[in-house]
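Each of the two complexes below includes chain A, the first together with chain B, the second together with chain C.
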Partner chain A sequence: MEDLSKSSLNFFADQQLCSADILSPLEVRARIEVSVINFLKILNSPDPAISDLPLINRKSSNSRVSQGLLTDVSWIFLSHSFCTRSLTKSNAAKAFVRVWKVMETCFQILSQEKRVTQRELFYKLLCDSPEYFTSQLQVNRTIQDVIALLHCSRFSLGIVASSRGLVAGRLMLQEPNQEVIDCSACGSSGYSISGDLSLLEKLDLKTDARQHQHLTHGCLQHAIFQRLTEDFVFNQIPSILITAKGYPDIATRFLLHRLNRAFPDLPILALVDWNPAGLAILCTFKFGSIGMGMEAYRYACNVKWLGLRGDDVQLIPEQSLLPLKPRDLQIARSLMSSEILQENYKEELSLMVHNGQRAEVEALYFHGYDYLGKYIAKKIVQADYI
Partner chain B sequence: MEVSSVQRLCLHLISAAFQRCRVSEDLCRLSVVLKRSSDSDPSTVRISSILHCAPIELAYDVRAHKHADVALISSTFMKFCHEVIRFFQKILVLKIPVSSTFDSDDVDGFCFEISEEGGVPGSQYRKVFLANECNPVPFSASNVERLKSGLEDYVMKHGNSLHRKCDSCFPNWEHLKVGSGRACCAESHRSAGLQMEVVIIVSEISETSPCFRSSSAETEVLYFKDFSPCPITQSSLTALTNIDWKSYGLVLKSIAVQGGYTALEWENLPPNIHIDMVLHCYHKQYQFTPPGQKTRSNRNLIKKAAKLALEDLKEKHAGAFLSAHALKICSYAPDLARTIAGLILSSNDSEFQEECFSILGLQSQNIINEIVEDSIQQKIISVIQMNDGKPLRSKEAASSFLFEDERLQEPNIQEEEYDAGELVFSSLDF
Partner chain C sequence: MKFAGLKSVENAHEESVWAVTWVPATETRPALLLTGSLDETVKLWRPDDMQLERTNTGHCLGVVSVAAHPSGIIAASASLDSFVRVFDVDTNASIATLEASPSEVWQMQFDPKGTTLAVAGGGSASVKLWDTATWNLIATLSIPRPEGLKPTDKSSSKKFVLSVAWSPDGRRIACGSMDGTISVFDVTRAKFLHHLEGHFMPVRSLVYSPVDPRVLFSASDDTHVHMYDAEGKSLVTAMSGHASWVLSVDASPDGAAITTGSSDRTVKLWDLNMRAAMQSMTNHTDQVWGVSFRPLGGRVVSVSDDKSISLYEYS
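This part shows the complex of A and B:
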């Protein structure tokens, strides 16, 4: 049933969707080989040319929204509009060569049946071609270019993005042929989420709280995660806690999605700071992203906004309310203009901007260190989440 | 008569003699004799052209110098002689047909003689200009062919100051890159019949050659109007300034006219490279047109003819006159070639490698890494050179190479980096 809901009932969206396939190393190498052969053919043809590289556009102009018909999950995806990287434009020629260099390196990695992290890849490229690669950001963007060219997922290219995600709480994990890990006994740092998606795919997941009504997943920020974990809040309120320590990476989103599929009756609640960036984090878990739009749509989950919200601001002392920064306002503008954002979220956002203030979840400690647990519990009991 | 007006008259007469030769469409021999006597008789200038009788004699009064030891030709006379010599050097560029054999005991071609009658023996000075010696042009050659040949001679004889081409600088013809262009006014145009010819020569002189000039970043522009050297017109100067030199890898620094000498100065020209240029504007049939009317047509014609000459050069010498844009892109070719070669060679799929080698036209038995890389690099560079200056073509073939997808929409060319404004849902990803 869940597969059906995901796939064939989104007619028009499907046709527009441009997806990065999850492929085996052999299949990815084949795609790279096709690229090389076609490049050479055109170079040696009677009317020779240096082929441009068509890359799927990762801009909001090429993004679409899919509203699930039978499910309540919406997501952002990319459509087929593309831009080209060309050698013939002298100010963009380096970017063109970069794409080929990353393809070459990935090809070699896949041939050796290895995987590398984005950081390792950066160092390799920096040493081999210092005049082309100068920063990690540049490498990451070029990797996204290759994804947009070959239409295959980053992981399929042999690249593992290290994850900063952690999970703790009422969850038993087992890696293949390994011991069972009890995430409620991992200490305050919880279980580190690996960047290796194939490993995450193979994890065996069990929770002991199917009967509990209020077992939840909590998407949190790191400091809160630690606090709640140390206080064993997940024992008082049966839950699984997840944090990405900031903007969510694919691996954390992947795991959340897996947990959602494994335990579909457990609502996913988010506790984020009262500011546009916090809402952006929530939205990324909820809808996916444009930057990795060809892959991220797969891991969208129905996340609900527990807090902090407009009504909670009254709980926060005046001194803890800080002014919004220009970047916060930029993020707010970007979110407001997104068609996928539901009305009540937009209202909350307007309030944020109108008051010009932001607040961190930690500000609730004003009321005592155990206040947070009570706050969460109260909200869950009242089903006060949107 | 003052020197300058005598000079002008003399040059005009020489020019007229050349015109007669040209119009006669027959073999000609032209000689100019400047004679100076040391006694009180005025010196004579005799200009004669065979086939047309009556040599013209011009009396030229020269103050004799009373130097006992050396029969020194007075400086004004010398200056005058130099002017005439210079005039000759230039007009030879037009290569007006002359015979190559003569019965007389005199030499072939133009003969220009300065002699002193009487005076100290051995003070005779004789300068002979030989036409057609190293670079014969058939009698039926067109004007632009003659102009080309004439400028080649001019360059190889260092401005026609030598009798023969300079062997130390030009041991063979390959050091010259020659381009020519011709433009004319349309029949319906007011100035119909107006022709503009431009020849550009790029020469390479080794720094070790004795004739190496360090001032080679300057180009003297020789300007001819109706088969006679003349000072360059303002409209021509404007036209030269407005030519898109950059598309040919040249950067014009300045253009200056001083006393009849027009110089173009270039930026970043390698020291052993020198550029020579000649412009010739003439009417197919003589017609009188008031000067103002010709200006715009002149300007357009020069631009057109010069562009044709530059295109000619570019076409004949692939890779030599690339625009700065093409040069910059070419600089990426080695890295791109190395990357793609690396892809091919690191593969353990022999079918894939075979196919690549076959497309490149390489024998799969003797493959070394460098061969593959060089082959790809050469092809990339030749494509860049071929397409330099041509408008960008859309490359639909490449666009659909991986995914045959009708849903692909119109491509929009992406300039370098991403919008900073695309914050949410995009650039925060890692």
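This part shows the complex of A and C:
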């Protein structure tokens, strides 16, 4: 399975792919040094100029789709189109300086062999250069700019995502030289997925579920995850539950991807709310994203849509159906226009928009607290997922 | 100009409230109030309706000082256990914990740019400067010992530093001591410049004028409020009106007024043109430890030993 997906049966798509390399700290520092030297060279040349920064364009115009042929995994990736950050454009000058400031700070962090979270990086930059950084969002965008400039992954820059995802169920994890952790005995909050990708890479994964037919991984919302974990649903329906507590972060996707590689026979099923945002979360797990397009494609998995879907809406009581918000419609529009979305998903999406309603998975509790477990079991047994 | 009482919160804390500061608005939320109390907690309030946002615990003794970073994103609280805790205002995540020797942490203030935190060093007779990006101690500004005194001479402890203030351009720091002297330092060269004489009793609070980087106001136990030309080393005027120790002073952002809180239980509004007290608010029933103008103007808050917080409109 591993070799099949690595083999370039994607014909020429690979040549268009622009990826962020996963590098050692020394190599990243070298790349930063090269950027500085290039900048100085042009500044020092007989025809001096302040060079622009060429960044890989992170817009949908630069995104491409790789359709899996012999594999069932498709993903979104970014191609080689550039946009530039220039010091000479008046309103973009600060953005230009921000990229250099973040590179400087990452260089220091890597030299000290430390790692920081995006939030910690924000505090440093806020206090160090208050006239350039005022919000976390700016810092996050600038980090993506640096990735697009240096073509190295966020983790290689020394930036760790704070742990957000949780996993529970029939899974035994072992960190190198540590105790084995049984994820079915972790309590209702499960095992917290670390943001440290190198740690996740070294985890030894085992599941005891080979004999059972319908083992699954479930991608869930946090409240549902807690409920199902408390009810030990994974003992009734042998499974592993994962939540990213909202929009999926790289660490959770990385772990899911590893689980997929380790246990290729276990289907991955997603249980999301009946609204465009829920489908968007599913698609991010499935295809990756444009925003982190240079890295995200690596962790695409073949996730199937278990629920909530159009047929389930009849199970939801009237009072739990809420109207779609303008933001939901916006998300729906951009999903519809995406070329990677398969036909049956588009049908479900048009049904959502046509009815103008949304519903949360929690609405199923109307039928009783154990209803959710039964609902999931029935769907799995009937293989009712797309 | 006048004060009009807006709202009061009785029993805001379980014990005396000793410190208050405004947390500037950020892109995602409006300005908030931060109060610190003898009950070892720091509380975050929404100033419009004086609703409690959050209570931070964790200090082991009373909280003597709170300070907010000019960006409004982080803040610091200092307590008698000589720990300074730096935290994210919105999430209460701890960013750093600064430790000092016992009785060496008193008032604190972030510099106007937010790159340095100055902490009045109490018994160490110095002001400690911490870099806010790395949380390393970058400098200790020591008050020079008076001539002819041995290091072990007891009178050096009279330079116990209680209060600290940054000039609006970030180039000067003034600190007030228990013996009434105010010391002015040049920050960039980390050098002591001169003393400002005039008070003979503890100077509990200092504030520079936001419009004139040379003007410094001081509040002292001798019941007077002094206005100094901090560069020219001269006393411009001494204003009297309080019946007891003046515990706190703050300057309005428009530079036209100052407000003071005192152990005579009143909060006074002083007009700087007339150099006299215009108005006296008496809604507190015990010593007023802290007063503060909102950075954008229009509001003033006062906190007191009577455990309450009062909000006024300034116009």
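One rule holds for everything that comes next: the second predicted complex is superposed on the first by the 383 of 386 C-alpha atoms of A that agree within 3 Å, B and C clash if a C-alpha of one lies under 4 Å from a C-alpha of the other, contacts with A are read in each partner's own complex, and residues count from 1 in each chain.
Here is the rule we use: contacts are C-beta pairs under 8 Å (C-beta built on N, C-alpha and C of every residue); 3 or more make two chains touch, one makes a residue touch a chain.
All values reported here derive from a predicted model rather than from experimental measurement.
**Q** In the superposed arrangement, does A:Arg119 touch chain B (first), chain C (second), both or neither?
**A** Touch partner of A:Arg119: chain C, not chain B.
**Q** Looking at the overlay, what does A:Val180 touch: chain B (first), chain C (second), both, or neither?
**A** The answer is neither, since A:Val180 touches no partner chain.
**Q** I'd like to know which partner A:Ala223 touches here: chain B for first, chain C for second, both or neither.
**A** A:Ala223: touches no partner chain.
**Q** For A:Ile386, using the defined touch cut-off, is the partner it touches chain B, chain C, both, or neither? Pick first, second, both or neither.
**A** Neither partner.
**Q** Name the contact category of A:Ser135: first (chain B only), second (chain C only), both, or neither.
**A** Touch status of A:Ser135: second partner only.
**Q** More residues of chain A are touched by which partner: chain B or chain C?
**A** It is B that touches the greater number of chain A residues.
**Q** May I ask you to decide whether A:Asp249 touches chain B, chain C, both, or neither, giving the answer as first, second, both or neither?
**A** In the superposed model, A:Asp249 contacts chain B only, not chain C.
**Q** Based on the A-chain superposition described above, do chain B and chain C contact any of the same residues on chain A, and if so which?
**A** In chain A, no position sits in both the chain B and chain C interfaces.
**Q** What residues on chain A touch chain C, complex-wise?
**A** 119-120, 122-128, 130-131, 134-135
**Q** Show which residues of chain A lie in contact with chain B when the two form their complex.
**A** Counting only chain A, the residues touching chain B are 15-16, 29, 31-44, 48-55, 57-60, 63, 76, 80-97, 100-101, 103-104, 107-108, 111, 118, 129, 132, 140-141, 144, 149-151, 161, 247, 249, 280, 283-284, 287-293, 296, 327, 330-331, 334-335, 338.
**Q** Please name which positions on chain B make contact with chain A in the complex.
**A** 325, 328-329, 332, 335-336, 339-340, 342-344, 346-349, 352, 355-356, 359-361, 376, 379-380, 382-384, 386-387, 392-393, 395, 397-403, 405, 407-416, 418-419, 421-430
**Q** Under the definition above, what is the set of chain C residues touching chain A in their complex?
**A** Residues in contact with chain A: 26-28, 69-71, 73-74, 88, 93, 95, 113-115, 131-134.
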